[in-house]
Structure formats: structure tokens, C-alpha cells
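You will see two complexes here that share chain A, one where it goes with chain B and one where it goes with chain C.
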Partner chain A sequence: MPSAPAGTLYRGREGMWSWVAHRVTGVMIFFFLLVHVLDTSLVRLSPETYNAIIGTYKNPVMGLAEAGLVAAIVFHAYNGIRLILVDFWAKGPKYHRVMLWIVVGLFVVTMAGFLPRHLMHVFGGE
Partner chain B sequence: MSAQTQGAAAIADPGAPYRRRRTTRGNFELYTWVFMRASGAILVLLIFGHLFVNLVAGEGIKAIDFGFVAGKWANPFWQGWDLVMLWLAMIHGTNGVRTIVNDYAERDGLRLVLKLALYAAFIVVVTLGTLVIFTFDPCPAGAPADLLPSFCST
Partner chain C sequence: MATTATTDAPETSGAFGAVPSFDVTLRIRRFTPELTGAEAYWEEFTVTAYGTDRLLDALHKVKWDLDGSVTFRRSCAHGVCGSDAMRINGKNRLACKSLLKDLNPDKPITIEPIKGLPVIKDLVVDMDPFFASFREIMPFLITTGNEPTKERLQSSAQRERFDDTTKCILCAACTTSCPVFWTDGQYFGPAAIVNAHRFIFDSRDEGAAQRLEILNDKEGVWRCRTTFNCTEACPRGIEVTKAIAEVKRAMITRAF
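What follows is the complex of A and B.
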């Protein structure tokens, strides 16, 4: 295996950056998933323990992190559907760039729906 | 090579079907490739539903406490939902990270250690999560009633 790649196969642009973003968001989601199963498992210990830990998810810093997590999931989901279309739809490779901008558009619309509601839950009073 | 053909130049059996690959380790990577797409499509539905019910509907994150989780897992529908989501997401995520480790960890020893840690995490998290979903008691004895779902007191 060569230790340094000779030349650059990918030249930036939509195809490469969507691939990079898919990897980065995928890793973020995976590590959250490990933590999320562990914190949810605390329901098995006692109601008090679970409520104490889940309470930390409700402070503003964690609330913003959750918004980031949801953003990562939404991008990974929409770009994953685009990836399936590129692989299985005959015209997928031809329209992969257009589909990425559709992904970005749907991402913006979804987050515009989610963020106000979530941030009101996090920052709003009782 | 058997004793009979030694000394003579080995000639491939002309009747053998053409094989693009001289050696094969099976179709494992093909199956994982298909799995990533199939499980991904299902996970979009499962996780969007999960996020909507837990973060958007009702009081969102504020409403999540022991009573909320207990109320969901008293229902076999949500037990099944979360079980399928746990397994598909963990296999999908583990395979994704496995691919990334294979791509970037070039030293054999490092790659082996990272993948062993990854598979250990997979086994621990999937086993723990599955056990919790099925051995969970929504109304543990001795717990304060105000922390429990309302159906515990009836």
C-alpha cells in the first residue's frame, strides 16, 4: 500500500465534498449512538438515575449539541437517499450534482421546521 | 499441483467458466454494500419517526424522563421499533466505521486494534440495549410514584 497517494483523484466539487460530509456525519452519529444506548440503559437502574442523566440533555449547551446531531442525521439521511439513487437509478450519476442541491434544499427546509420548535423547548421557560 | 501434471506445463481447463478474479474471498463486501443501502432506507424512516416522537411532538426534549420511556416501552410496538432501530443502526454504523478504519489505518497492527475495539463496542452496546428493552420494568417496586408512568398506580 503506498504511503502517499500519487496525484489527486478527487478534485473537490460536489461529489467529493458530499462524500466527505457523509463520512464525517456518519462517524458523529455512530459515536452519539454508543453514548445514547448507554444513557438510555440507565432506565434499568432506577428512575432517579435516568432522570438525573437525561436532565443534563436539557441544558442549553446540550440542546445546541442535539440540534447539531439532528442536522448531521438529516444530512446523512437525505444524502444517503441521493447515494442510493446514484447507485440504482439509471440517470442517478448524471443528476448527482442536481440531487445534492436538492438534498441541501430539503435539509434547509427540514431544519427550518425543527430548529425553532426544538430551541423553544430548550430555551423557553416552563 | 498433483504428481501427474508435474513436468508438463499446466494448462487451464478449457471447459472451466471464465473468472474475472483469480482468487476470491467470497462476496462479503458486496453483501455489506447492499446492506448499507437497504438498512439506510429503513433507518431513515425509523430514526425520523424516533426524532419526531421524542423531540418534536408534545413538549419535545423537556418531556423525556423515566415515565416517558416507560410509557413507550410498555407498548410492544415501540419495543419492536427500538429493537429494529438498535440492531440496524449498530450494524450500519459499525460497518461504516469499519470501512473508514480500513481506508485510513494503514498499519496492520493499528487496523487490527481499532477493528477489535469497534467489534467489542458493537457486542457490548447491542447486547446491553437488547437486554434493557426486554428486561425493563416500567413500574419498579419502591420507586416514587410521581416518577413513574400513570398506569403504574392503577
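What follows is the complex of A and C.
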């Protein structure tokens, strides 16, 4: 059966885009965990190598990547709670949009608390 | 000042109370393998329409007056048969339930076939995989024992329990709006789950356990990622994602 390639992007709403964001942040966290397991396992081989590797993370590029990582985890965590409520709370599907804005609000509050302190560490030189 | 007199000039015959007309451009995703090969392409048609016209009326004008080769399904044309689901400006809608004036006719209206099912020609897709999933959940009353000599009685509260999912017209707007279904054609899809819900929560039916068993499959309800595209797309206003969540919960509560 011949099939035609897809045309335009499907215009989904909040639900679809929160799903996309959840998937993207999930993949980011997966790759972080991969690196995290590898570098942490070094401590069993040689604590000196472990310190050297962790030392290379102390630069502004990795500092910004850490900020991105925290952002990904914070969104994924809050949105994960929302998804659990959508599935297991009887009124979840009705209030899924409201809950998404609560997730976004909590995300902003959490990041507002975290980012200034973190960026001061990264760019302030202790 | 001089121009004000002409701005209100009716474009139609000018009769009092005439419905104003306007030109609307339809940008149709065409696929004509017998003529142009396996590559789909866009084609634009401009027709004159009225404020009361639906998108289906504009498509009729294209097919009847401009290009008879434009192919789409439609049967009842009144939102009951579920034949003319298509992707209108990027969203799954029924052409017969979409008023042109609600679609912003100032810009070309893009019309594509529903996504995730093989396109046969233009806006016509192969619905077989969709109906195969529908058949698999056994969309009919299952009972045991002797048939009663009169109606199978049910309270209005029991009827209300599954009222929402009885409205399905099998147009496939929900299933083909689902990102999971686009990438994984094996997924049952929202429409099949909605129709399973209609019987699982029917007090007269005794096949709930079998249906839940079928939907407990790897490609069953657990594939649902609650994107709410289906709820958003349903032309009958069925709360599809809610129905799927209820089936998920029934699976857990009835297993213990």
C-alpha cells in the first residue's frame, strides 16, 4: 500500500506539547544518568581519577549544562506527578490543563530559587 | 469619505438579507499515485463561499466545479456517519462540522488526510487497520445464561455510567490524532478503547474481563501517554482521555 509522507505538523494543544517536553527532558535525564553512573563508578577504580574527572566539570559550560539538567529534572518531576494524577485521580483528565499551569508555576518558583545561587557559584568563582 | 458608500456593497445579488459571500482558498494535500507517482503534493483551489458554508461545501465546489479528481469520503454530510474526518489547519476535524467562518478564510485553509493510516488517494485513507482494532475489542453485548424474555433492565444511573462513550461514530479523528498511534500502528488507539469502555461499564454486559484482558496487552491502554489530542479532536465531544484513564483504573481495581 503506497503511503504519502506527512505534510504539516499536527496542531496539538497543551497536552501534546507537555508530552513532547516530558519526552525530551526524559531523554536528557537518561543521558545524564548514563554519564553519572560511569563517572561515579570511577571512584571504585581510582579516587584520584574520579577527582580529576569531576574537576573537569568545574567550568562555565558544564555549569550551564547543570542548570539545564536541573531544569529538565524539575519539569519532569512535577509533570510526572501531573501525569500520575491524570491517570489515577478521577478528576485528573478534567483538570489536566490547570495542573499543567500549576506545574509551570512550580517550575518557575523552583528555578527562581535555584538559578541565582547556582549561577553565582558558576560565574562568581566560589 | 467617498469610499464609504462602496464598502458595504453586497457581493451577491444584493437582495436584502443575503448571506455575504467571500473567496476562500483551500490548500489540499493531494496524493495521486496513478498520475503523479508516489510523491504527495499541495494544490490550491479558490472558491466562492458563503458565511453559512461548511468546509465540506467548499470541497464539493472544488470537486463538482473545478477538479473532479479531488477525492474525499463523505456520506451523510451532517456529522453522523463519520466519513469525512480530515486534518484541517493541522487539526483533525469533520469537514461537515467545520464552518468556514470559524477557520479564518482570509488565509488558505490546509486540508490533509488523517495521519497514521495509509493514504490511498488524496484525502482517502485505508481504514482497515482502524476497524481491525475496533473488532478486536469485541464491540457487542456479551452475556451468559438464557436470554431473558423481556428487555435487560438498567437504571438510569447505570446507563449514565457509559453514556459518553456511546456517542462514538468511528470517524477515526481521535485515533489519527494520537502521537503514539502515528509511530506505533499496532496501538489499539483511542477509538477502540472508547468502544471497549462502552461495554466494560455497561451493567448488562458480562464480557468486561475478556475486554480488559485484551486491552492489558503491550499495545493496549498502557500505550496511552495522555496527550489529550484525542479529546481535543473528537467531533462528538467525547472525553476520550478520561475514558481511557477509567479503563486503566478498572484494569487495576478489578485485578484484585
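Definition applied: the second predicted complex is superposed on the first by the 114 of 126 C-alpha atoms of A that agree within 3 Å, B and C clash if a C-alpha of one lies under 4 Å from a C-alpha of the other, contacts with A are read in each partner's own complex, and residues count from 1 in each chain.
Note that in this section a residue touches a chain if its C-beta (ideal position, glycine included) is under 8 Å from a C-beta of that chain, and two chains touch if they have at least 3 such contacts.
Everything numeric in this text was worked out from a predicted model, so none of it was measured.
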item	value
Partner touching more residues of chain A, whether chain B or chain C	B
Which superposed partner A:H118 touches (first chain B, second chain C, both, neither)	first
Partner chain in contact with A:D87 - chain B first, chain C second, else both or neither	both
Touching partner for A:R13 - first (chain B), second (chain C), both, neither	second
Partner chain(s) touched by A:F107 [first = chain B, second = chain C, both, neither]	neither
Touching partner for A:Y95 - first (chain B), second (chain C), both, neither	neither
Residues of chain A at both interfaces, chain B in one complex, chain C in the other	1, 3, 83, 87-88
Chain A to chain B touching residues, read off their complex	1, 3, 23, 26-27, 29-30, 33-34, 37-38, 40-41, 43-44, 46-48, 50-51, 54, 57-58, 63, 66, 70, 73, 77, 80-81, 83-84, 87-88, 114, 117-118, 121-122
Chain A - residues contacting chain C, complex	1-16, 18-19, 83, 86-88, 92-94, 96
Interface residues, chain B side, partner chain A - complex	37, 40-41, 43-44, 47-48, 51, 55-56, 59-62, 64-67, 69-70, 86, 89-90, 93-94, 96-97, 100, 106, 121, 125, 128-129, 131-132, 135-136, 140, 143-144, 147-148
Contact footprint of chain A on chain C as seen in their complex	29, 31, 33, 38-40, 42, 87, 89-91, 110, 112-113, 115, 118-120, 126, 177, 179, 225-229, 231-232, 239, 241-242, 245, 248-249
